[in-house]
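Both of the next two complexes hold subunit A, though its partner changes from subunit B to subunit C.
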Partner chain A sequence: MVNLPDEVGDPTKGMTSIVKTIVRFVLGIVIMFGAYIVLYGHLTPGGGFAGGVILACGYITLTLAFGRELALRKMGDTAASILDNSGALAFLVIGFLGFTGGYFFLNFIDHGQTFRLFSAGIIPLCNIAIAFKVTSSLFAIFMALSIFGRFMSRLVEEEE
Partner chain B sequence: MELLLLIILIFMIVGSIIAIETKNLLSAVISVGVVGFCLSIAFLILGAPDIAITQVVVEILILVILIRATITTDNTAIERHWDTFSFISSLIFFGLFLVFAWLAVQELPRFGEPLLRVSSDYLETGPEKSGATNIVTGILLDFRAYDTIGEATVLFTSIVGAFVILRRRGRKHRKDMDREKVGILQDEDIKKDFRGF
Partner chain C sequence: MQGYYPLFTAIPLAATFIGLLLSKIGKRMADVVAFLATAILAVMSVLMLFESPFMYKVGGWLPPWGIMLAFDGLSAVLLVVINVISFLAIIFSLKYMTTYTAKPKYYGLFLLMIAGMNGVVITGDLFNLYVFLEIASIASYALVGFGCEREELEASFKYLILGGIASTAVLFGIAFLYSITGSLNMPDVAQQLELVGITRAVAFVIALFIMGFGLKASAVPFHAWLPDAHPSAPAPISAMLSGVLIKALGVYAIMRMMFHVIGRNELVASIMMFLGALSMVVAGLLAIGQDDFKRMLAYSSISQMGYVLIGLGLALNPNVATTVAALALIGAIFHLVNHAVFKSLLFLCSGSVEYRTGTRDLGKLGGLIRKMPVTGATCSIGSLAIAGIPPFNGFWSKLIIIIALIQGGYMIYGTIAVVVGFLTLVYFIKLQREALFGPLPEKLEGVREAPFAMTLPLVILAALCVALGIAYPLVDRQLLYAAQEAILDKVAFMNLLMGG
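And then the complex of A and B:
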């Protein structure tokens, strides 16, 4: 069961308490499954993109059930864009590190034993970088389509 | 197995026709979702679990975004009027399309016998060369990593574009003179534009 702060129990925000309780139970499982899909992407079906979309779906569930204020507190648009850019940069840096052995995107780490979690060289690292990028960018798109212009303007005024 | 695939394909075509023809926007979005889930089942039947997982998850995300972000606007009913000329001309062009599609399909290589030999080479040597037992990920992130970085660039560019277009106001504080000059909306205008959330 996911621990969420008490003020999110405010019945005026988000959906009914049935939905909120079920989301509390399900959200941890969703995020764990997304992390599993990402980390085992080189062994079982899945990978960075699919796992990243599952993680973004977890955040969107949180937004739909508990209202947008809590979701923006968990990951605001600044944090989302920073995560997005750092994921893309990490992917590019892994590619450029291949020049240490010869060419772009060379698999320069030892392959290790197949069917182990720590194997396949740079592929799990690339999966993790892509997952960060996809999670933050898809959640940012959801926020941009449903929140910007209605809620962000209020936030900007609070900062001012 | 091919019979099951045919049934699913026909169901998908019917769903997409309903999605185009229905007048209610919510029904159209649900029909698009039906088509997407059938597509993921088709991928499963064809033996591609990677693509099936991605298709299911992306379909859920797109449905949520479409229902949450698109349906809230007012234009849920679409007016149509019957036009004989456009109906007849579209029938004629659809017949021409069927004829040429039939001619083109005759020339395609048979199902399961691709022309390019590089895929079978990937299948044989993929696990030992890349070290990944999931060959799809091995091809995506090792043999064809250039394609993956292109895909990441496309995603990045589209999200930056969406942020720039959808953000109604810059982050920095601006004076009212500047707001009037550039035409940035005030809070009252925003409230007029969006009734509720």
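And then the complex of A and C:
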């Protein structure tokens, strides 16, 4: 069960306590599954994007159940932006490192033994970089839409 | 330089993310990063002019399985246009964009757009082309709506919808080509198509490409988004969109597909010539009635792209003598380069006028040449160049296109091209009279010349207008002849596959 701060129990924020309790149980599993999809991307179906989407879904579940404030405390907009840019930059750096072998995006690391976790050269590293980028981008988009949605509904209320 | 070819997309992408990260540390960091990145790209693009055609294997994967980057004369011309104009637009932005908030985000989007355009130009892979097309397009949708005013958002939304339709058409076309040939590598697809010939499926692909790329190039039946989108964007972006984007995503892609992948074809040739003539006339007539500085320039862009399309159409016709086709092609490519120079100059001029006066309405402007001599003089040079007055660059390119049309036996199209040249002169004289000459309104008494960072790109571009016009025979030999040889020869492009 995921340990969340006390004020999370505040019944005025987020959904009912049934949902909150279930999210406490599920959240850890969702994030673990996302990490698994990312790390085993080169061996099984999935990869950086798919795993990143699952990780972002974890954050979105948290937001839906406990309200926006808590989710923003876990990953604020500045943090999301930094993570987003560094993920993309890391991916590009891996590409640049290929120049050491003569080609952009050359798989320069030893490919290892097939079907082992530590194999396939740069591909797992690329997956991890992409996962950071996708998680933070999707979370940022979700937050932007939710803030925009509230702004619009306030605008409609004022007009009424 | 061959080994560093992928840097044309990697540098702007890296600069996007580094700029956004560093902007958290210092306010001016994003400016510095964008300036440095575009300066390096501009220098690299000029150096690329001296390279001979080659192929680059990304990640060392062999074609046709891996992604291939192709370089030839056509890529060289487009790379110079994109990177030099974007460098000048960035210099202009340093001061101009202080009137907007969120400058780092602006530079981020700008650099993403450059990455996309460079990617479209350097790639030799069909799906890769689509991906870069989307990167550039999506960045441009956001940049059009950057001001976040009601009209800008509306224009951006309209552009997004129509651009989305165009991208879908392109993607469908690529999917069909893949189903026909089983390959995405452009030279490989070209080889396969030689065996297949123009079947009904290939004809459908051509239709999809003309619609998709035609919409990006804003040829007349597909032009509805441009007169809203280009004026709504901040001035340096308008200059990039009109000067570079419609050429890189639209005209260049059409050229690459029609000349190199599908091959020259009479039906396509006549369609392109018709679209070109239609664009020239319709947009030329619409431009005369405009009262908004930038909107008039936007219509003029559509009209001028008509010249490029009509020249390309003539060159695409396999039944026309090779000398005439080559002449038409030289005219089209030279006009493409020229239009990039004088249209970005004119849009930047409109930007510096708006920066000082706060309006783009021609009815409220007047007599500015006395208050803003540099902007006024460069704007006049740009107008004369685009109207085709000798010795400026526009005169030569239009002349070559008209001569090629008449030599090819297209008297009516030739006459239309001459008449539209006159129309262009008419609306640019209107622009000159209402904005630069005539009485100065009282409100504008206190107007000063734009700051140095904004006038410098204007002066450089105006000098280019004159230099390209005067040095035409030199430019012809060096630059355009290479592009013409590379383009008309489909076999040379297919051989890139073996050569790399």
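Here is the rule we use: the second predicted complex is superposed on the first by the 147 of 160 C-alpha atoms of A that agree within 3 Å, B and C clash if a C-alpha of one lies under 4 Å from a C-alpha of the other, contacts with A are read in each partner's own complex, and residues count from 1 in each chain.
FYI, a contact is a pair of C-beta atoms (placed from the backbone, for glycine too) under 8 Å apart; a residue touches a chain by one contact, two chains touch by 3 or more.
Everything numeric in this text was worked out from a predicted model, so none of it was measured.
Participant: Which of the two partners, first being subunit B and second being subunit C, lies in contact with A:Ala140: first, second, both, or neither?
Facilitator: First partner only, subunit B.
Participant: Regarding the shared-chain residue A:Ser81, is it in contact with subunit B (first), subunit C (second), both, or neither?
Facilitator: both
Participant: I'd like to know which partner A:Gly121 touches here: subunit B for first, subunit C for second, both or neither.
Facilitator: Touch partner of A:Gly121: subunit B, not subunit C.
Participant: On the A-aligned overlay, A:Phe105 touches which partner chain: subunit B = first, subunit C = second, or both, or neither?
Facilitator: both
Participant: For A:Phe96, select first, second, both or neither according to whether it touches subunit B, subunit C, the two together, or no partner.
Facilitator: Second partner only, subunit C.
Participant: See if subunit A has more residues touched by subunit B or by subunit C, and give me that chain.
Facilitator: Counting contacted residues of subunit A, the larger count belongs to B.
Participant: Report, in rising order, the residues of subunit A that make contact with subunit B in one complex and with subunit C in the other.
Facilitator: 81, 88, 92, 95, 104-105, 107
Participant: For the complex, which residues does subunit B have touching subunit A?
Facilitator: For subunit B paired with subunit A, touching residues are 49-50, 52-54, 57-58, 60-61, 64-65, 68-69, 127, 130-134, 136-138, 140-142, 145-146, 148-149, 152, 155-156, 159, 162-163, 166-169, 171, 173, 185, 187, 190, 193-194, 197.
Participant: Please give the residue numbers of subunit C that touch subunit A in the complex, ascending.
Facilitator: 3, 6, 10, 13-14, 16-18, 20-21, 24, 56-60
Participant: Mind listing the subunit A positions that touch subunit B in their complex?
Facilitator: Touch residues, subunit A against subunit B: 37, 41-47, 49-50, 53-54, 56-57, 60, 64, 77, 81, 84, 88, 91-92, 95, 104-105, 107, 111-112, 114-115, 119-123, 126-127, 130, 133-134, 137-138, 140-142, 144-146, 148-153, 156-157, 160.
Participant: Within their complex, state which residues of subunit A touch subunit C.
Facilitator: 78, 81-82, 85-86, 88-89, 92, 95-96, 98-99, 101-107
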